[in-house]
Amino acid sequence: AMQKADQLSGASNASSEKCPVTVNKEAKGTIRIAWQAIANADLVVKDRKLLEACIPNATIQWNQFNSGGDVVQAFGSRSVDIGLAGSSPAVKSVSAPLNLKVKVLWIHDIIGEAESLVAHNSSAKSIKDLAGKNIAVPFGSTSHFSLLSALSQAGMDSSSVHLINLDPDKMAAAWGRGEIDAAWVWDPVLSKLKADGGSVVTSSAATAKNGAATFDMELVSDDFIKANPSAVETWTAVENYAIGLIASDPDNAADSISAQLGNSPKDVKVQFKGYSYPDAAEQSKIFSDQLPGIFKATAQFLKGQGDLDAVNADYAPALYTTAIDAVAKQ
Amino acid sequence: MSEQTMAWDELTERTAMSKQGIAADIRGLQQRFTTQEGDEVIALHDINLQIKEHDFICVVGRSGCGKTTLLNALAGFEKPTEGEIIFRGAKVEGPSPRRGVVFQKPPLYPWLTVRGNVEFGMKMQNVKQDERKERAEQYLELVGLKDAADRRPYELSGGMQQRAQIARVLATDPDLILMDEPYGALDALTRERLQNELLRIWEDHKNTVFFITHSVDEAIFLATRVIVMSAHPGTIKMDIPIDIPRDTANQEDMEKVRSDPRFVELRERITEAIYEQDDQQ
Amino acid sequence: MRKTGTMKQRMLSTIANGSRRLQSIFSLILLIVVWWAVTAAKLVNPLYLPSPGSVWNALVKANNCHPITQGSNKIVCGEQEYFLWQHLLASLQRIGVGMGFAIIAGVLLGFILASVTWLNRIIMPYVNFIRALPPLGYIGLLIVWFGIGDTSKIWLLFLAACPPIVLATVEGISGVSTDRVNSAKSLGAGTLQAFVHVVFPSTLPSIMSGIRLAVGFTWTTVVAAELNNGIPGIGALAYLSGTQLNTPLTIACIIVIGIAAFALDGLIVLLTRMVTPWVGRE
Amino acid sequence: MRKTGTMKQRMLSTIANGSRRLQSIFSLILLIVVWWAVTAAKLVNPLYLPSPGSVWNALVKANNCHPITQGSNKIVCGEQEYFLWQHLLASLQRIGVGMGFAIIAGVLLGFILASVTWLNRIIMPYVNFIRALPPLGYIGLLIVWFGIGDTSKIWLLFLAACPPIVLATVEGISGVSTDRVNSAKSLGAGTLQAFVHVVFPSTLPSIMSGIRLAVGFTWTTVVAAELNNGIPGIGALAYLSGTQLNTPLTIACIIVIGIAAFALDGLIVLLTRMVTPWVGRE
Amino acid sequence: MSEQTMAWDELTERTAMSKQGIAADIRGLQQRFTTQEGDEVIALHDINLQIKEHDFICVVGRSGCGKTTLLNALAGFEKPTEGEIIFRGAKVEGPSPRRGVVFQKPPLYPWLTVRGNVEFGMKMQNVKQDERKERAEQYLELVGLKDAADRRPYELSGGMQQRAQIARVLATDPDLILMDEPYGALDALTRERLQNELLRIWEDHKNTVFFITHSVDEAIFLATRVIVMSAHPGTIKMDIPIDIPRDTANQEDMEKVRSDPRFVELRERITEAIYEQDDQQ
């Protein structure tokens, strides 16, 4: 493998980080992690090489992915052990027809204002005002799910607006040319559109309130849980520590995340506001009280879209709570 | 210098040349090639030759002595390394329809039929369709390809391809006809017939002919002037006028000419000139 | 004697023809059997390689109207609001327009670059440059300039198809025997006439093979072109169904793309043989 | 007289060479000036077309270590943890391996398909099929079969590069003059020897042009190949920076890809001229 | 049927043939082509010819009468439409190094130098390097290409290419030498030299020669047997043994032979046979 740039140039400054939780000397072998470029604590862990410090006898392999769909596919090909995916791909992966042997391990963030619907015309006060208009959204994303949910909550139908499948980075151009009237999207494009005369109509926070919450979550394969239960727990502890950092030391956390994303720490701090980052104690409650229901609702919604074959009777078995509960107690 | 940009003295020179009836003037021509190995081959060295209007020049010489190279220079296919060629008062700078060329290897166009190939030159020169058809028919008959007129070139034998090429060039009636071993791949009778036709055309149309051949007999039969070239480097070794009277219409006359003592003498002199260098190779 | 010879030959050639067709069909059947066996033996997770049956079902479903889920009275038609054949047709149109412009521009540019040396030195580097650019890398710029409508998609397909045609044309021209051109000029053809009547037909085989490659190229680019706002479009459908992990539909799309491309290619080969019958016979 | 002639020629050719180089440089400068003028006049939003200066800065930044913000003591090196040249190197390695296999397999397969008619009828349809498949459509399948490591990426590049080489080889062989082969056999060459000593060199120009096209093709495929887990890799960097709206870096990546591809292409052209010096001279 | 799968009666036939010293037996050969227009051309019709070991056969005939087609069939390049050819007891099914071919258009390999081309056949037949080098040198000298040995074929003149091809074939010493107008593009002296060398090789090595030419004189000088072909469709019109004694070493003898009454008579008869069809074309 290629030497990283900081090692090459001798500027390496992260390897000195000490493990903030109990060091796990037991876990060995290779841990293959799928990550995505989203502003949350996972990037702090990656940037500060916390896992490398806390599980010193294992090789940590960070694999970057572009969408939850790709991550789910990687799980299927047994190419990764732990990976980040949005809530809708997560639900899909544990429902028919896929029925993957994975469990939901962790919530990285609850999507709030971070994913919002912005419209060109400031007179659009609710999604109803956008009837018949062009709305851009990346198909298959959590934003897509939120948009469809918002439409149905407003008593509309996907055919009452004109949905356009667009990658976020293409939206700014289409926006500038007046080809789209609105877009449901996240940062950095969301800020660009807002700065470019867009006004927020609604957001994932609002749809969540009405029962269609979206998350970024971590999936873990059953095989890995069976083989390395201690590593799973250490992973959870490390993520919990990092989530704590976002609250306690946002400047440093933002530095780490921006180093990974390649943007500025200032932008990252803006993005923090759009998400909520529950810690292990909070998650322990969410997992047991809310998630099974949210998953079922999500699954029912997806089935109505023709994206799923069947809704599971109960989604609790798809959740792995052992690690969260253990960390929450510490 | 092209015909458009002629200076005054060149114009006078041109008038002088046409007064003397000079069709082409080769001046200090040298042609060099660099081989892939990096060696330099001097294919032609210091060639000076004046071709008069209505000359019938036959060029003979050992294989590889530079005949084709000289013809290419006259045709305007290859820029001389040194020296120049003046044709009808203007420097030769490229091919021209006034100088028709029969190539050593016939470059027929496979996307046209034999008839299409023969008509090609006339079409390029905007000959009316009726006339074109008629003349094509006439020349196809002349070279004995009437039956094969609708075939493609790659469906012809080697000799038939050569004849098709000859018909294509003659049909455009060029002022200067340059021919590179045109009759080498033909049987004696076809050859004789085409020789006679060429002479007839030459007499009727008053063209000038530059004809490369390996047959000294053919050269003496046809030419008003025979040029003998020698190799290493290619130079003109002998330039000899031919003044044997002949009657092309009469076949038997040919045989008589053969035994004419002047013919025999010419033949001997030319052959000797060609092969003087023999020990060298 | 001669007649029986001909009859015998005709019979033999019929048998040969038949056996040729049999071979192709056999190879196809073999593939499907292997595919079926692999899936039936559950060697691969159906998420990644669904059975021929489910791909067939996806294909049928994508060309028909059906209730969105069993028992539901909400009827959807095709996939993403269009039938599969409509998706295919939309992509074919884009490819057709892009290729059309690419052929015209590519051949013209090729001729110009082959004849004007200094222009060649200036423009050829850019042609080679464009030839290597990943569509995913510059589709964004095209969208900025031409919007998210069909224009940017056609531009992308055009830019993918043009360079191979330019290259093939230039290469073809550089391979034209000088004797041929010289002969034409000596027969009275001007530069333009020599081009039209000799250089062009001599270059035709090369141009046709360039076009053939370019068409294949546009097919591979069609997904990238239709990634954004590409519905209806078979490339967009293939990608979207992929992101939705609807593998049977993805594979059905890929097969449809493959078959359409194969048919188009056959057409071009046939056309080539018709317009350049002399190739390989000289 | 001859000596001065040579000197004059040498001088002329030096001038001509110089002016040739000047033309290329001039064309490059012209492009940059136009680009600069367009951005300086603010005709285009810098988000879509950044100025040459900012692209240059992105290029420099991507090859150096720098504090994450001015005054911060957190140092980041390169982009996505690797210098730009490392990204380029990683992609070059993948392309190199993929092309290497593609050349070997493509030429071999081409030779086999050209000589065994029934195999041709069975396999050629599949080659044409693969030739048209959009990488984005089947990269998922490759990941399923070969994992997310380099193997699936190299497979994708291989599958993109192989068909043009196969086609070029088959086409080249069908264009070999039968006289040449017949002559070799009459001189005592067996089928294999005739292949090695006559058919192969006759086909070489065609194979080389197939390789040339294939390399260009792999460059266009490199982003698709590196879309997932492609870091380090210049295609992945180009895509990632695009999703982060870091347009200067995207354009820097594209330019680097273009220049690398251009240089590689020049190398192949040079090599072609070296191994087939007779082309265009017969 | 190849040599491996011979039936018993064929084997006996073969023995019988070699006893009679028959090298090649052409039986009821017909060769048809279909042109692109869909017309059928019968290039050869019902050819029956037995070539004896150590025959020197010269084939003459009008251009397009089917000489090259017959040679191609003998070489094994083209499958007969009807009939068959038996060479040394086995059916001809493809090219073989025992039958060397000098083509009408020299198929030299441009990636090899002239020397490389001459060595090619020997290399294919696993001649040791030393011997190969020596023999190549010897044959290059023979055809007068020693100076051009390191050039590429495309740097040679037409005649030089033809000579290179001749050297390449003769250097492999084939049993049956098939030559298609090999000396057509050569000057008289080179031609004479190569004619003599060919005769010398033929006498020394006891090869069999099948030689197409347009020169009746050449045919009579060289052949032990002259075949005259006629066209439409191509058939054998005349098959005449030549029994004029000659001494190839002696140049002047040639001239004497020319005036031999037997020579003159043969020449007249053959010429007449070739051109009987004249009015048809």
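Observations, loosely collected:
Here the chain labels run A, B, C, D and E in written order, and each chain numbers its own residues starting at 1.
Convention: a residue touches a chain if its C-beta (ideal position, glycine included) is under 8 Å from a C-beta of that chain, and two chains touch if they have at least 3 such contacts.
As the structure is a prediction and not an experimental result, all values here were calculated from the model.
Listing every chain that touches subunit B and subunit D alike gives C, E. When chain pairs are compared by contacting C-beta pairs, C-D ranks highest. For the pair subunit D and subunit E, the distance between mean C-alpha positions equals 50 Å. Note on chain placement: the centre of subunit B and the centre of subunit E lie 30 Å apart, centres being C-alpha means. Averaging Cα coordinates per chain places subunit A and subunit E 83 Å apart. Chain contacts: subunit B has residues 36, 105, 152 touching two or more partner chains. In subunit C, the residues that reach two or more other chains under the touch definition are 45, 47-48, 140, 144, 177, 227, 242, 277, 282. Annotation for subunit A: residues touching 2 or more other chains are 73, 76-77, 167, 169, 173, 176.
The residues of subunit B lying in touch with subunit C in their complex are 75, 77, 94-97, 99-101, 103, 105, 107, 109-111, 120-121, 124-125, 152, 154, 168-169, 172, 174.
On the subunit C side of its complex with subunit D, the touching residues are 20, 23-24, 26-27, 44-45, 47-49, 118, 121-123, 125-126, 128-138, 140-141, 144, 160, 163-164, 167, 171, 174-175, 177, 209, 212-213, 216-217, 219-224, 227, 235, 238-239, 242, 247, 250, 253-254, 257-259, 261-262, 265, 279-280, 282.
Remark: subunit B residues 33, 35-37, 39, 41, 60-64, 67-68, 104-105, 144, 147-148, 150-152, 155-160, 163, 181, 184-191, 214-216, 271, 274-275, 278, 281 touch subunit E in the complex.
Those residues of subunit C that touch subunit B in the complex are listed here as 177-180, 182-190, 193, 197-198, 201, 204, 276-278, 281-282. Residues 45-48, 68-69, 76, 139-140, 143-144, 147-149, 227-231, 236, 240, 242-246 of subunit C are the ones touching subunit A in the complex.
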